[in-house]
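Listed after this line are the structures, all set down as structure tokens.
Common to both upcoming complexes is subunit A, partnered first by subunit B, then by subunit C.
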Partner chain A sequence: MNTVLRALRPLTTGLFSIAAIIAVVMLAAPSAQASDKPIRIGLVTFLSGPAAGPFGVPARIAAEAIVESLNAGEVPAPYGSIGLSGLPIELVIIDEAGGATKQVAEFRNLVERQKVDFVIGYISSGDCLAIPPVAEELKKLTVLFDCGTPRVFEEASYKYVFRTRPHATMDAVAGARYLLETRPDLKSYAGINQNYAWGQDSWKDWTAVLEVLRPKAKVTTSQMPKFGAGQYGAEISALMRSRPEVIHSSLWGGDLEAFMLQSTPRGLFRRSDLLLIAGEPNLHRLVGNIPDGTIVGARGPHGVFAPKGKLNDWLRRIYKAKTGREPNYPAYSAAQAFLGLKAAYERARLEKVKSAIPMAAVEGVKEGMEQAYQMPNTEEVIAAFENLTFESPSGKVMMKLGKGHQAVQGTAYGTTRTVGGKIIIENIKYYPVEQVQPPEGISSIDWIKGGLKPGRW
Partner chain B sequence: MTTLVAVLVDGLIYSSWLFIMAIGLTLIYGVMKILNIAHGSLFALGAYTAASLAGHWFEQGYLPMGSYAIMLLAAILVGIVAGPLLERGLLRFMYGRDEIVLVLVTYATFLILEDFIKLVWGVDPYFLYQPYGLLGSFDIGELTYPNYNLLLLAMSVAIGGILAWTLTRTRYGKILIAVIHDREMAASQGVNVSLVYFVTFTLGAMLGALGGALTAPMISVQPGIGAETIVLAFAVVVIGGLGSLPGAALAALLVGIVRAATIHFRPELDLFSIYFVMAAVLIARPKGLFSAQEARKI
Partner chain C sequence: MRIDRTIIVLTAAMAALLAFTPFLPNWAMFLFTVSLCYGVVVLGMMLLVRTGLVSFGHGLYYCLGAYAAGTLEPLFGITELAVMIGSAVAVTAIVSAILALLLRKYRDIFFAMLSLAFSMILYGLLVKTSSLGSTDGFNVTVKTLFGLHIADTAYERYLIFALTVLICWTCAVLMHFYLKSHRGRLAEAIRDNELRVEYMGASVANTIHLHYVMSAVLAGLGGALMAVSVGHIDPEMAYWTTSGEFVFITILSGTGSVLAPFLGATIFESIRSFAYEYSPNTWQMALGITMLMVIMFLPGGLWSLFKRASRRVA
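Up next, the complex of A and B:
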């Protein structure tokens, strides 16, 4: 490299020299950096416990496949470069099980002992509320990839924390819009949601949205079994006896599966329709145990809702090669986080190169190029990440909420039908972001109660 | 149909399930004074083994009704492998130590077995839903229940009845009661206490695994089910009085009915219902409903 620099030294000023330097920097960078130490990314996802099967493990498999593909430079445009700006990525994978207190300790461990450069992780909303203050304290860029609570950026402001997936408000808003398009005269509904933050928030949002969009509809019963209850006999009886037109549920994973296994033989869904806001990851496992016409969403156009395109084809191909199955929405969430980080990192790098060249032209080529060769630091990546718009397998993602730290996307809902032993989604309807997400500066619940007025994006 | 009938039926079904979960735990505590936290893992092992074996049975297209026998076989298999391994390989070295030490030992065993399960079966859930709907269903008023619930009820009555009969009407039962009352005195009278412990623990392990095997058709068999179960089983055993068979039966019934009533009348309090029963009983009777009188040793 010094030989190249010496050869270039006489070319100090003028357009020709700048163009030459840009060309050398851009061409030489990947090969020069490929031998440098890799970028270490801590990946935190459920590897054990009830969330592992439908969420955590698909996300881990997707992350590993994505990193392999990135390191081989095989991701379609605009992500064709190796790793992050030519540096390969190395994953440090941590189990998210164990609760928020344990995760805070694990996060410190990742940063202080494992010396990771970035952290991507967290499916549980509880962990997503506990980690950001620690990420701020340790000044570690952290990308929340799958959790849903809107409280992360509505109740606080963070510099080092980003979330590359939309928050959960859209689940209730789009779900209710979809339901009311097919049942405009809805008279009654019930709910079965787990008795912890996720289930309670989902039900609160759902009832608030319906009070605005369909105030005449009445709640017949709200069942709140504990997380991991496993037995739903009495809840199913209560739902059957209250005879709602529709049952809203945010049950997920094993709890959802147990509920479906126990309620289908009892004929609950012959009396009431079902809306599952978090059912998409479990669909392939519920063949024979989910009624046709069940309304299902995936918080964003993920999985079966994802638009056609090269990035979507790529994710499906690499995931299927590992598992033999189509990727579910946690796999798409993982892809969104890695590609978002890559987009921000490489944008920061490009900005650095651009700003270094004129200085090099004036003050000296060697110093300028050396600076251009430096990888962006955390502050520079943050600056590039804020308000970024990037492409993902589920379409365009805009970092538009939470002062540019929270992603927004449109979303979609559809209904299930079992065909030849497989569940397909039909009657898919897409909802643009302004219909399902609150604009910046207003909390989700205030936006809902205020009449769900579309914001400007 | 009145809500009260629904409460009664739902409560009874849940109680029978709870009793099956708790019976192995209370038996082992009653005889051996070991609060076996690994009971949760035996439950999980039973569920996983039943799901694997019966799942294979269905895949091969064998007679569906045979799956119930396979589930039973799975429970027996887990009991006769895991029970002796744990009792002979670990617990017998701990006899005579403080009860707390044994709790810690079985807790450690529980953690090891949880990881063992993940190593063998992975983290992907298993399904064995066919037996739940195979027996048809019955109607009570406007509600439909799978007949599988009747099977649970029958199993709980049968297990409780056989154990009670064994304890009170057989020679082995009398030996057990002698060991429960005073281990050293029983040994001095020629009772092979070591064998009694071995048989009791194996039987308790089998009952734990049977609970898992019978639950498998109603749930998604996945990591973590053992932890949920041990908490519930422990609550039932404590309410009933540690080691008491009729206590466990009455506690299961009480918890089942109270929980069903809560769900039908005040569903938001469901989370609290079992602990409400526990608190109420322990305030009135700190050692549970059927705690045995303890002779004071001088």
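Up next, the complex of A and C:
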């Protein structure tokens, strides 16, 4: 008897602990019958790690400012209504750090535990590849806001996933066009890019574009320091030795700062010009360490490249009020995601009201009107989002790739000049969509290799 | 007939998980799946720790298992779950059996650092392989389980979860019996005094070799199961922080029983998940504080709580 009891004791402890875990889990979940107001939007952005400073935190600050402004109904036309179609927005913010495994788990938690209505997020390309299948499984409308890899919609197609910023192909294409307009007889170039997906892709696109646009130019060296290396002595020596006319670089954040700090005193830029694909978010920190005439882009017509207009003024005003600084491109990406979702949501609502049973039909008028004035469901928002064209602080955004789920925009490049301790961008040139983006149905790399033929838009 | 308490608890826990999780929300099922995947890796780590070895490089096998399962589709078009898991076991067993020839000669920090080095070599190789997506990784899809089509069905998640539970249960039961076997008991003897073990006529090198391969296969299984549950793999799985997480859970759990790794992993994953939600800016700190508390107050890991409780009652 005693042995049996002793044998059963751990059984009860074991069962008890499982029951306790399940109970905690159940209690922690917010009750399902929470009222349908306000609209909860999950925001996933880097709050820790190397990408937090230049990208994640500016995006979070912008998102908070945008939501405050939307809820107050202070956004210029056509976004004047409060929140989404009158319903205020509530943000649920989580950290994007930790890798794709954790992000998939956290996405599920965000959707099922926090009961968010929509998810806006993801800066890392790895996360942007891992999340869409889960978003499809959970049937949750998810807007990827800042990652660039073209693989998301070129390798698969999704119903519930949208990306409101253009993919990264245009960075290389427009950069190369800009460079060749100022140096049509370019003879040599080199690259310094981080050895991870972003750096490798950026260099691959760049060499492919130049092979088409300027086959005579030779690669003198390609340096691939590891991500977060911090020390670039050997790479700088190699770059100086190979004497390229232009150096291509997709470095960002701390790595870019370290590289500039170490290469300027060594006189690297007295021999070679520099082109920074993603230099814009760090620009204000590079004063004194960036040569005049450096070609800089913002991965879209953002920041100083953004067209003048009320929406642009609005974003700059609300962001400056929070930080005292001009918004950088991740802030513009965030704005694009929120305004795109708002545009789609309100269009869906409008469609519903329009298709309501007309007053003349007496039968079912009341039910019909009630139905029409209900908020649109996810399927209706998706239908309105596909192939949508909407206004953003950086101009017009068209959801034209990936079966209407991937945004396209033109982009711009310019050159830097330091004036009185501030870096200004001049000689800005704008490249329309057809010059920098592949049309639907062809992968980016095939489009580049096929001669960058402008598609019909 | 003697009733083995650990086996009873294991079986009861398996039955409870299989029976109750369909009624739990989806995210809870996913949390249990992830915890079990971590748990099975830590089960192998526990065996090594009992042998006196701490590996800071088990991410190597975790990642290798995941890639062995995940690359079957792009390479051969295979999307059968059983084949994917079999491939993970085979690949990790072969690689670990070869590496163990070298690693079994080292102890302590040298073993830890050498294993770390091997895992970082794999990380470096995968980062340079842009055809597998470099650091972005790629998505893993499962279409069939034993020939049965499960993709996009309502029970897909549950079947994968159930398979994870069954595999974990089998591994834990086998490990439990192994630890009680003649050779299994050698683990602690080796930790305490290798020389005496050799004098008694047992081979330290062979035992360590075997334990290393066993723990590697368990890590590979964990990686493959994680790959199919998450649906995406990237080289981060071989990065030293992942291996560090396994060491973290091993210390958190303690090595007292085969139940400890699963309990420790569930608690770790729950703390992490709720910390993400309630303190998005300081979730790493929540984990750090837990670690400090365990080291300060429960040097034998969480499992010592259960031990203490049962001793008090007895």
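As a working rule, the second predicted complex is superposed on the first by the 416 of 457 C-alpha atoms of A that agree within 3 Å, B and C clash if a C-alpha of one lies under 4 Å from a C-alpha of the other, contacts with A are read in each partner's own complex, and residues count from 1 in each chain.
One rule holds for everything that comes next: a contact is a pair of C-beta atoms (placed from the backbone, for glycine too) under 8 Å apart; a residue touches a chain by one contact, two chains touch by 3 or more.
In this text the structure is predicted, and so the values were computed from the model without any measurement.
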item	value
Subunit B versus subunit C as contact partner of A:204, first or second or both or neither	second
Contacts of A:435 with subunit B and subunit C, given as first, second, both or neither	neither
Partner chain(s) touched by A:112 [first = subunit B, second = subunit C, both, neither]	second
Subunit B versus subunit C as contact partner of A:149, first or second or both or neither	second
Which superposed partner A:48 touches (first subunit B, second subunit C, both, neither)	both
Partner chain(s) touched by A:443 [first = subunit B, second = subunit C, both, neither]	neither
Partner chain in contact with A:266 - subunit B first, subunit C second, else both or neither	first
First, second, both or neither for A:418, with subunit B first and subunit C second	neither
Partner with the higher number of touched subunit A residues, subunit C or subunit B	C
Touched partner set for A:182, first subunit B, second subunit C, both or neither	neither
Intersection of the subunit A residues that touch subunit B with those that touch subunit C	47-48, 195, 226
Of all residues in subunit C, those that touch subunit A in their complex	2-6, 8-9, 12-13, 16-17, 20, 24-28, 30-31, 34, 127-128, 130, 133-139, 141, 157, 226, 230-234, 236-237, 242, 259, 263, 266, 269-270, 272-274, 276-277, 280-281, 283-284, 306, 309-310, 313-314
Complex interface listing, subunit B residues touching subunit A	1, 3, 6-7, 9-11, 13-14, 17, 118, 123-125, 127, 129, 132-133, 137, 142-146, 149, 215, 217-220, 222-225, 228, 259-260, 263-264, 267-268, 270-271
List of subunit A residues in touch with subunit C within their complex	3-4, 6-11, 13-15, 17-18, 21-22, 24-26, 28-29, 47-48, 93-95, 99-102, 104-106, 108-109, 111-114, 125-126, 129-130, 133-134, 137-138, 149, 151, 156, 195-198, 200-201, 204, 226-227
Of subunit A, residues touching subunit B in the complex	47-50, 52-54, 56-57, 195, 221-226, 228-231, 233-235, 237-238, 240-241, 253-254, 257-258, 261-262, 264-267, 285, 288-289
